[in-house]
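Going in written order, the chains are labelled A, B, C and D, and every chain counts its residues from 1.
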Amino acid sequence: MSEPGYSRDEIMTVTAARQLRNGAVCFVGIGLPSAACNLARLTHAPDLVLIYESGTVGTRPVVLPLSIGDGELAETATCIVPLPEIFAHYLQRGRIDVGFLGAAQLDRFGNLNSTVIGDYAHPQVRLPGAGGAPEIATYAREVLVVMKQTPRSFVARLDFCTSCGYLEGRGVRRTFGPPGAGPQAVITDFGVLRPNPDTEELELASVYPGVTADAARAATGWPLNVTRTLAVVPPPEPRELEVLRDLHARTGAAHARPVHIKLPS
Amino acid sequence: MSEPGYSRDEIMTVTAARQLRNGAVCFVGIGLPSAACNLARLTHAPDLVLIYESGTVGTRPVVLPLSIGDGELAETATCIVPLPEIFAHYLQRGRIDVGFLGAAQLDRFGNLNSTVIGDYAHPQVRLPGAGGAPEIATYAREVLVVMKQTPRSFVARLDFCTSCGYLEGRGVRRTFGPPGAGPQAVITDFGVLRPNPDTEELELASVYPGVTADAARAATGWPLNVTRTLAVVPPPEPRELEVLRDLHARTGAAHARPVHIKLPS
Amino acid sequence: MPLLSLREAIATYVKDGASVALEGFTHLIPFAAGQEIIRQQRRHLHLIRMTPDLVYDQMIGMGCASRLTFSWGGNPGVGSLHRLRDAVERGWPQPLTLAEFTHAEMAVAYQAGASGVSCGVMPRHAPSDLARVPGTAVREVQCPFTAAPLAAVPALTPDVTILHAQQIDARGNVLIRGIVGAAKEAALAARQLLVTVEEQVETLGSDMNALILPSWVVTAASIVPGGAYPSYAHGYYPRDNAFYLAWDEIARDRERFSAWMERHVLGVPDHAGLLRALGVAA
Amino acid sequence: MPLLSLREAIATYVKDGASVALEGFTHLIPFAAGQEIIRQQRRHLHLIRMTPDLVYDQMIGMGCASRLTFSWGGNPGVGSLHRLRDAVERGWPQPLTLAEFTHAEMAVAYQAGASGVSCGVMPRHAPSDLARVPGTAVREVQCPFTAAPLAAVPALTPDVTILHAQQIDARGNVLIRGIVGAAKEAALAARQLLVTVEEQVETLGSDMNALILPSWVVTAASIVPGGAYPSYAHGYYPRDNAFYLAWDEIARDRERFSAWMERHVLGVPDHAGLLRALGVAA
């Protein structure tokens, strides 16, 4: 089989972007989610509202930020609000349609670990921690998880549960009454996992062109179920790739620009 | 005796202004306290920090506001903060040195009623209510009360206690642990009442020139004690009167200016 | 976010019996919206506002309200609201049930509403009779860390909040500038948010830290020049302090009040008509 | 509000063992102040910040801190903080005790501190293991109105908060513009507030609704141009994203880290020296 004309990162980004309907209000994470949201905004969803947890509301960056609070986000925002308000008035108040999450570990019910690998008191790897994730997982109407799929990251058992997915599945999450519906899709470098409507266990719902279910299974630390009608994700369209590559090129150029500070003499 | 060259309102205002040390942070009420604070700022206390509960911090109005939120206060402020912050970050957080209060009724311990005359459920007079007074009475390091003294306003028993002075006196207030020290002076149209150091009952500490203790007693609804060394308030100095009258003249002219609104045709 | 005439906005979103907060702290009081509510003869409203002032006096005196949640109900710098007093003291034109807070408590109540939490906490103010008032909603709780007594204040979540603001841009974002009071918190606490504005502009041109309500939190907006008069809109027109003084006389007497309302509010089609009738606009 | 050299400000107000919050959310991070703390070899600090980043990595790696209260400790957009990890995982150069919050919880903790109340409340997030972590300070309480479970978060009141800001005026008022994070809340929650600024100006010339810290809430200020580098000061210089990427390599190795700190921080007299050593300033 010939090499496709796009990378795994690119089809992940395009696939994530396609999940977003025009007009939705998104709580954007940094990295691939940020690329996906801006790709969506620059293609099929021009009225997507992007909120970064730094307090920038309705931002329309020309280049992608490296951090959640680059100046670019501030300059192109509808407004900037203090951080406590982003969490209280927007997220907690139920104004966010879609939240993006990533993590070091994910289990079959979409629960996420971004705290530690190993024992909490004596960790093998201390990860950055919770940040905004537990509240995004709780309050966003819908959560999209974006993660590379490996047996070390898609695990049978989390070392630590930082953010709640479907807990043990079969409706347990709903008994705790969080406003959000939980992770609706997990976008990986193999395809897309979605919760089974009954068990709420994540199942492989679609794969990228040329990817097999067996390959995805081999990259998963639990016996991965596959939906009866496994779909194939349509490959990125030329327009999607063009916009995405332009965005990355602009971003690379901007981030390489050296900083000069003029000191008073 | 000849008429003094000033009104009772003027000597009240001047006396209130003299209580304010330069640099103090004042939570200003509207009316006479506002005139007194600005008089102080324009005379002996140029660095007085005036805060109005509308959120205007460090305001330096050229004319007196009629309301607590006139545009004049906004235009001359160091900054404007949302109302919840004025109460939480400034007053409650203990950043206010002096708070001004008035009321419809005051009792011998400086407790204040601005809620109802008569029974709460069937009031003879429904007054405007608490506003910011209970928190000013609690948190301002020091409270100055400004009220005209009559048997109907200086009463033996409040119809309703809206804001706490010394409660029943003799240290009872302190047992509730409010950060502020309570009313340090009550400035009336007869003179100044101050709390007795032991009993915390308000006593006539000084009178205006030409005012007798008996006249003040007759204007009080409880048997008013007089301090052993009843002082006479020095009359307003020409400079104080001049600045105050200028302020009122500017204010009168500004408030009489008709408003015109241009509608789009 | 649709742009509607004020008449349509009130007809669509303010229903009899609704809880309605027309916020504004001296500045940007939505007078036009309140007077349109009077024209449309809404009844049994639960009015909410920290500082009910003249427009609430008018709504109460015209029989629109049966309940009032507030923290200070007077004519700022002038004195009483005579129609509010008449309703409370003598039940005219109908009784008014009061629920009262202090300013600080009510600010916490709005903040809790805007934050999607059922209550907020604050230190208790020193003892007063406010705690024993029938309508009080504040309860004492204990801090789980210090055991200090705290006041818990239930969230306020009005069915509709109505604000007046300076500008709306082509995308529907709304700018509020100057004294903001608890406008932001009241706006975000509400189930629906109506806004009247002085004018529509292409872009707001405001600083990046300005107070802006994004279009997608606004339910509907109406362009109503002068919509805060006799309150003011910073950068547009000043507060008509003389009107506030005059209102004290107008509202003191039931008949004079009714005649004034008949002529200046019911007798004109809209706010521009009122401004012309008062000689404020040509 | 005295204007001091940064050296004098740190020497006077930051003591061994103090709780210190150098706040800033990606923007306006007080790097110069943190590096001066390193130069003055403070020990046993309780560091507080929502997003401890490179300057906290540096302070931890240089042995200034024994405790960290935080909500997300990484190199934004890049990955781990290797010195933070080394302290937590292997106790180098000394063990670091962690107290962790979520962002939303820590924002409430600062707000409570800024508001003079011993705790704040918020709805509980959905179940996670965070509640069973030894250092957690959040407790479940019941809403007295709805009986819903709420999270109570104890107030954070740092001994000293340090911010970097754009400008200070002749009266000592400080302007913060752009992304503000929880800077205001951290500032007002603290017992003492130090500020470094890009420059002093006669008047700020900012909008009336700008975020300004009045001079009388500021304990002391220092003029430190470039004081947020490699973070940024909106309107002055951009974030040096390349430096953040480079730091990942520098900090990964103890010896390389120590050599870098020796040369660029300990080996220069002040922040201007560091900027020159890095070739960022001429």
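Operating definition for what follows: a contact is a pair of C-beta atoms (placed from the backbone, for glycine too) under 8 Å apart; a residue touches a chain by one contact, two chains touch by 3 or more.
As the structure is a computational prediction, the values presented were derived from the model and not from experiment.
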Discussion item. On the document's contact criterion, could you list the chains that touch chain B and likewise touch chain D?
Written reply: C
Fill in: More contacts between chains, B-C or A-C
B-C
Worksheet item: How many angstrom lie between the CA centroids of chain A and chain C, rounded to a whole number?
Response: 41
Response to the item:
Chain-centre distance (mean CA atoms) for chain A and chain B, in whole Å, is 57
Worksheet, complete the sentence: Cα centre of chain B to Cα centre of chain C, whole Å, reads 27
Worksheet entry | Residue numbers of chain D (touch at least two other chains) | 111, 115-117, 122-123, 178, 180, 208-211
Worksheet item: Among the residues of chain B, which are close enough to touch at least two other chains?
Response: 74, 80, 88, 92, 139
Practice prompt. Any two chains that touch count here, so list every such pair.
Written response: A-C, A-D, B-C, B-D, C-D
Worksheet item: Where on chain D is chain C touching in the complex?
Response: 115-123, 137, 139, 141, 143-146, 148, 150, 152, 154, 177-178, 180, 206-211
Practice prompt. Can you check the complex and tell me which residues of chain D touch chain B?
Written response: 111, 114-117, 171, 173, 188, 208-212, 214, 216-217
Fill in: Residue numbers on chain B that touch chain C, as the complex places them
30-31, 53-56, 65-71, 73-74, 80, 82-84, 87-88, 91-92, 115, 120-121, 123-135, 137-139, 160-164, 167, 173, 176, 178, 255-264
Worksheet entry | Touch list for chain B against partner chain D, complex | 23, 25, 49, 57-58, 74-75, 77-80, 88-89, 92-95, 139
Worksheet item: Which residues of chain D touch chain A in the complex?
Response: 25-27, 50-51, 70-74, 76-78, 80-81, 84-85, 88-89, 100-104, 107-108, 110-111, 122-123, 125-130, 133-134, 178-185, 199, 225-226, 229-230, 232, 234, 236-245, 272, 275, 280-282
